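Look for subunit A in each of the two complexes below; its partner is subunit B in the first and subunit C in the second.
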Partner chain A sequence: MGVGILASRAIRPASRLLRSQTSNLSLRTIVSKPELQSPEAAAASQPAEPPKNQILPPRNPVGGARVHFANPEDAIEVFVDGYAVKVPKGFTVLQACEVAGVDIPRFCYHSRLSIAGNCRMCLVEVEKSPKPVASCAMPALPGMKIKTDTPIAKKAREGVMEFLLMNHPLDCPICDQGGECDLQDQSMAFGSDRGRFTEMKRSVVDKNLGPLVKTVMTRCIQCTRCVRFASEVAGVQDLGMLGRGSGEEIGTYVEKLMTSELSGNVIDICPVGALTSKPFAFKARNWELKGTETIDVSDAVGSNIRVDSRGPEVMRIIPRLNEDINEEWISDKTRFSYDGLKRQRLSDPMIRDSDGRFKAVSWRDALAVVGDIIHQVKSDEIVGIAGQLSDAESMMVLKDFVNRMGSDNVWCEGTAVGVDADLRYSYLMNTSISGLENADLFLLVGTQPRVEAAMVNARICKTVRASNAKVAYIGPPADFNYDCKHLGTGPDTLKEIAEGRHPFCSALKNAKNPAIIVGAGLFNRTDKDAILSTVESIAQANNVVRPDWNGLNYLLLYAAQAAALDLGLIQQSAKALESAKFVYLMGADDVDVDKIPKDAFVVYQGHHGDKAVYRANVILPASAFTEKEGTYENTEGFTQQTVPAVPTVGDARDDWKIVRALSEVSGVNLPYNSIEGVRSRIKSVAPNLVHTDEREPAAFGPSLKPECKETMSTTPFKPVVENFYMTNAITRASKIMAQCSAVLLKK
Partner chain B sequence: MAAPFTLRKIGVPPNSANLTEARRRVFDYFRAACRSIPTIMDIYNLQDVVAPSQLRFAISAQIRKNAHVTDPKVIDLLLFKGMEELTDIVDHAKQRHHIIGQYVVGEGLVQNTGSKDQGKSDFLKNFYTSNYF
Partner chain C sequence: MLGRLAAKRLLEIRQVFRQPPSQASRSFSTALNYHLDSPDNKPDLPWEFSEANKSKVKEILSYYPSNYKQSAVIPLLDLAQQQHGGWLPVSAMNAVAKVIEVAPIRVYEVATFYSMFNRAKVGKYHLLVCGTTPCMIRGSRDIESALLDHLGVKRGEVTKDGLFSVGEMECMGCCVNAPMITVADYSNGSEGYTYNYFEDVTPEKVVEIVEKLRKGEKPPHGTQNPKRIKCGPEGGNTTLLGEPKPPQFRDLDAC
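So, the complex of A and B:
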């Protein structure tokens, strides 16, 4: 008992009667002990450390991560809280603690960005160091003894938290980040329970960064994660830190919008609610959302996403970690096109009346009508076209149905006549997306990866930044967020490189791991064979295709293309569409509607009333990618599955079920009636589509291809994607995408 | 009215002494129910929907569902519940769609006799109903 308690006794009532009653009650004054005042005294009063030879329980790295030792003989041993861990040589103290299973709080450190070390939340105590060190910046030295749970470290965290909260506004009830805010979580876990700030808080003016990112800069804690992300990963130098001290502001110095296609990722990166999603503002709290882990289909990359839904509505889309494909980022189109899923949805089967208007009918009637008409048509006048968002199961059933009706005309959008799917290397990204990091020279032929596949572009940007790789580009003038040499605009430049006359050839010969990326937009050209054989001859001459490194890549445009080519949905004859009498469009909106003859009977099966619906005679509503379980193969041959997150709209059905029901009504007996049956059928055609979450590389190289005798035309390459924000039915129906394309595209 | 009067007369006293008495009570209940069928058809306008024989069949099917019970006390309780249900129906405490849905033989009486669904497979039948099967 100290003097304090005796003194406080004097304050209490001295009456004996009252004392006996109040002795156990809450009338206690706050007493502070010397041990609580300073950390050193507390450390002195703690019991001695446990003996060294005590066996400590085994610890796993944070998050179940695996540690990669680049040089196993260069491993260092450090001690984290008494536990010895082996870490590779260049690791920082924070990374060593992560390997030891200790998660150190941090705000400014992010594993994929450069180290800033300005938040000071990661301070830990290191023996023989006069002050606590910032673990994110200090390299781990051999024999270092790191202590993360001592009173000094705890006091440091409480102090940093107190400082951060001093100027932070009391916005939790109106801040979108509430519930998933790093500041909230870390102040509960590591902060003190009271503050001492009694002055006025500072406030900062909000910046306008565009229709996607909402900024409340008063909440910013100046961690500079967004600045580092924009300059390193996105490659644009839009954001910066202005001012000094407490007057620091993050912003664009001029009144500029964030036009980068990766701008939505700063929303995930910002630890507080300073940068939030503008379409998602005030819509939902994160605890009322159900997250479903699925795959994105807006481009051929197949980024892993988590769809957050509340009931039947998709509220937002968040990226998932996948080291091989998209790391932790997704493009703006993936992130913000979800509101297109609520507009222009087809929900009932419809038949066009004699006066030209659509009338809603039941499934029985619609399928009966289609089944009747399909028997009145000759078998080679039947054409089936799969769309860019079709999954492998529905394409398999469509191909089986059309083939059993006697026709060979079933293909996927984007594959022009003459594209053959015999050899898989000729339409896949043979260096996988993660393998692009090892390339030191890129040659982009007719492709603008920034608008076609934003995650591939991010990977190229990462490689350029990390290892100073060189990028050369042949095609129409486009903007890149890394240094890129524009060699030419057309096939002439290709011919020059193939013949060795171009100055670029020497760079190509000297590169150790060259990567050639050919865009799938070239598949639509008439001289496609000549161009592709020229590219392959360049590859042969410069040792691009080797047993240990295959640098010849084809970048596909649509999510359904790789699976379609694996299943064999290719266009055999050029005149098939012009002489068709029965056209079955399964979500195909990019088909040139004028090419369909006026007397053809068109059935449109899809989820949005987009372009091709206006020509259709019968509409069959299908489910979108967030509502069905479908298999998609990305451009590198990685098979993934979407998972249904929300129920289907109205009377819509799954694509493959519609085709299977139609086949039964038409009298064609397909040998499967469940999704497992469809998958076993796919297994006999393309077994790699059944092995989800596995990449199947191409088996043979270009050596098997026959020589091509055609000549190249001289028309320059055209850009494939005109408007990045409006490429498929869902994005065209989305209001956010419309705002973006109106405001953010460079005119 | 005569029917509620008949029903009031045949209440279910709390205890049957043995199985024979319980059986007697079951048959008395069945008779009372069948006698109130014309009233039910009149109240709920079931003249074109069902025949009285079908309703009798429905009632007897419900009773037969519990034919395996041997404990007189359990039979008493089931009878009490049956009496409660019958009183509700006769008192117009239910509505037409309840009667049609619960006692008219066959789920979807009208559709079962249609010619559309006879030759179809399970897949197609499920497909027409909903997306999730």
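So, the complex of A and C:
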């Protein structure tokens, strides 16, 4: 009632004074023009087409994309808004428009998922077509004239947007997707400013998908991107579209948590705020965050990420596009372990007192103590162990320092005695991660890629789906998200295949591009040489290593392993740790602390107070991967650099700087003082580590390896990663990872 | 003026709320689009096709190509529903998924799409009243309220003795014999399953049918108007009384 009076007052001028003045002003009412009434009238009122000989400005494809012509003779020509483009045969109208530089709005279409065509936002006008055409599904035919900015196309978009917003709740202020929401952006750009919906909006009950994905299903626009992602990319068929009509609900029907290791990617994929990140809920808006493009170190894949930070705090981690490594996806561990960076951090140098408790001291004192002790032990009693998250610079400086002190005992976690670092092919993924797509047969030996390197697993899943590749597996029973034949559990099966007795051998011989993936967990076995030489003989017998195709791959476990092996950090003697008197642990938490003798002096340099800290005598705080600039090499030999996103904690310093300072205090001054100096030193040892964003394939193949005389033992292969969510110091300190491992692991 | 318009609109909105929920939401499905565990409907309860039905399953699968077993999902779900007394527990849907070798969610999608797949318990005789326009203007709403009043249940509920439940159905093609109900008879498992139409019903007639079913008799299906034969008018056909005339041109049978 009150609204009516206010409204009528607005129309009638309040005072008589104004009334005299407003007689000149016309009453501002809503005016409609004939062009706005119908698309035909609008088309009629448009000016005539521009003259045919007008030169149109050149256009670039959307996002700087490059078009790959599989058969250059098969290119067809279509016209987008009068502009002629050549596209490969089989491209859809939407892709042709993208080549022409026109970005067509869409909700359900995603370049890496199958085409659904149910949102209808991509409607464009095609000449000689009776109705607008869904450009994401319509193949481009030669000579097609596509028009994207005509009144028909605009009216179609406005209509679709009006329909989508009909049942969409007014949640923008409380929705996490605000600011980066496709629906918001496209309704501003393509929607109309008024709606006609006056009924009740429907609401949908929220589903419980786990501790990582928050669901507010009322906001869902039923684009089915998450359903297609789950069944195609993640390989788990959990989500589906239930019901019909406006009552459709996306869900799992029975309450089932999303246990897939790629489940966090549905958060990126969902165009609205229906699926959002539960740990990031209500924490920040996307315009407050500073994005830093860096590399992930939770596994050996080196996925490209963008660290979004607000001030000194990392708020969330988002994937970056890298076609060769991780495409657009990252695993849950990469995405959600950032909250471990805020807990259990070492911030001050500490020395253990005589009563066993740690006392915070200054850097000068701590380094002085270490420098003192290191001169009191014999050379070969000094041991340096680099951790799984160490960057190449710090490992180089550590090796130089330990070598200058006279000791050769410096190695990286995960490389047991006798690991061969002479020939690079024996520890790299020689096919390269993107090359795995061309394989038609996979043999996985002692590796469970789903928990060891989730992105490699996603690539295998993609290959299996696209070209029906076959996968065979030797190892402990594990579950895979693609069809996989379990051949056996241990070296016996390998022997059978090598001798040609196993039924799998025929499949191996007939495969055009076979790929063998050996897990780095096998490096820890005593019969490692025998196993690896058996694998190489299998590769030899089945033409796996050829000039045009190298299918023999080794899947490393840790981010630091490849660089460590390139730099030469290998364990020379098995008893080095037991007879050590001075142990320098640079972030090494997986070391068996019981093996360290009771009277050894242990220095722990790292960023988290994880496991090895409790044995340390001196603690030197270092910076984590989000706080330093470091070089990491991934399992295929691709060198990448992390970029500091947030300032480090307390008094912590970069790893290599600490070791350099220690060398100064110990009197063995290392010849470099800046990171460029370290890098030029690395260049003389392993030049591929200085060529960032480049992949250096192995130079020599298995033919150079000496023969191995040992025999394999019969112990079956053991699983390497027990708990996917807790593999390094950061993930062990993370609350989100703890929740995931409590709830999501398969019991 | 605006005040009056606003008040009228407010009244309209209030009326929507006052409408009984069954008519306002008009959902045809007996259950929600997500599963809630109950003592007789849990994923870990075992369920499999009976021995007699296993051969029917093989026969159904033979109708479709062997690499497209998924096409058999609808007939198999129907068979499972008949076997289980008119409704599909989650374990039955899982069993069907195993037979056709797809993930269970694909079967759940199909079962929630079609309203004739009951995912909640229904009575042994599931009475479905056609509610589409031709029947509605001939009084199907009265038929429905007569049934609901007589049985003392709401739409979708089962009577205490587990014998009857009432639902609404789409047009079943008996518009000439409107209004009509159909009775899905689940009392004899999948062998004795019948789905019969009772047409030209009146509120009294429909109560009679219900009572006959309660006693276990089989009332005659088809039109309940004794003066009609099938869909013909009362008093016999008035058209199509004789044989069709032969064509006016030459005698085709002669050659």
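Here is the rule we use: the second predicted complex is superposed on the first by the 721 of 747 C-alpha atoms of A that agree within 3 Å, B and C clash if a C-alpha of one lies under 4 Å from a C-alpha of the other, contacts with A are read in each partner's own complex, and residues count from 1 in each chain.
Assume contacts are C-beta pairs under 8 Å (C-beta built on N, C-alpha and C of every residue); 3 or more make two chains touch, one makes a residue touch a chain.
These numbers come from a predicted model, not from an experiment.
Of the two partner chains, subunit C is the only one touched by A:241; subunit B is not. By the document's definition of touching, of the two partners only subunit C reaches A:205; subunit B does not. In the superposition on chain A, A:170 makes contact with neither subunit B nor subunit C. Contacts of A:249 after superposition: subunit C is touched, whereas subunit B is not reached.
Comparing subunit C and subunit B on the residues of subunit A they touch gives the larger count to C. For subunit A in complex with subunit C, the touching residues are 1, 3-5, 7-8, 198-200, 205, 207, 231, 237-244, 247-249, 251-255.
On the subunit A side of its complex with subunit B, the touching residues are 362-364, 623, 648, 652-654, 657, 660-661, 664-665, 673.
Contact residues on subunit B toward subunit A in their complex (touch as defined above): 116, 120-124, 127-128, 131.
Residues 1-7, 9, 16, 27, 29, 32-35, 43, 90, 102-106, 108-109, 112-113 of subunit C are the ones that touch subunit A when the two sit in their complex.
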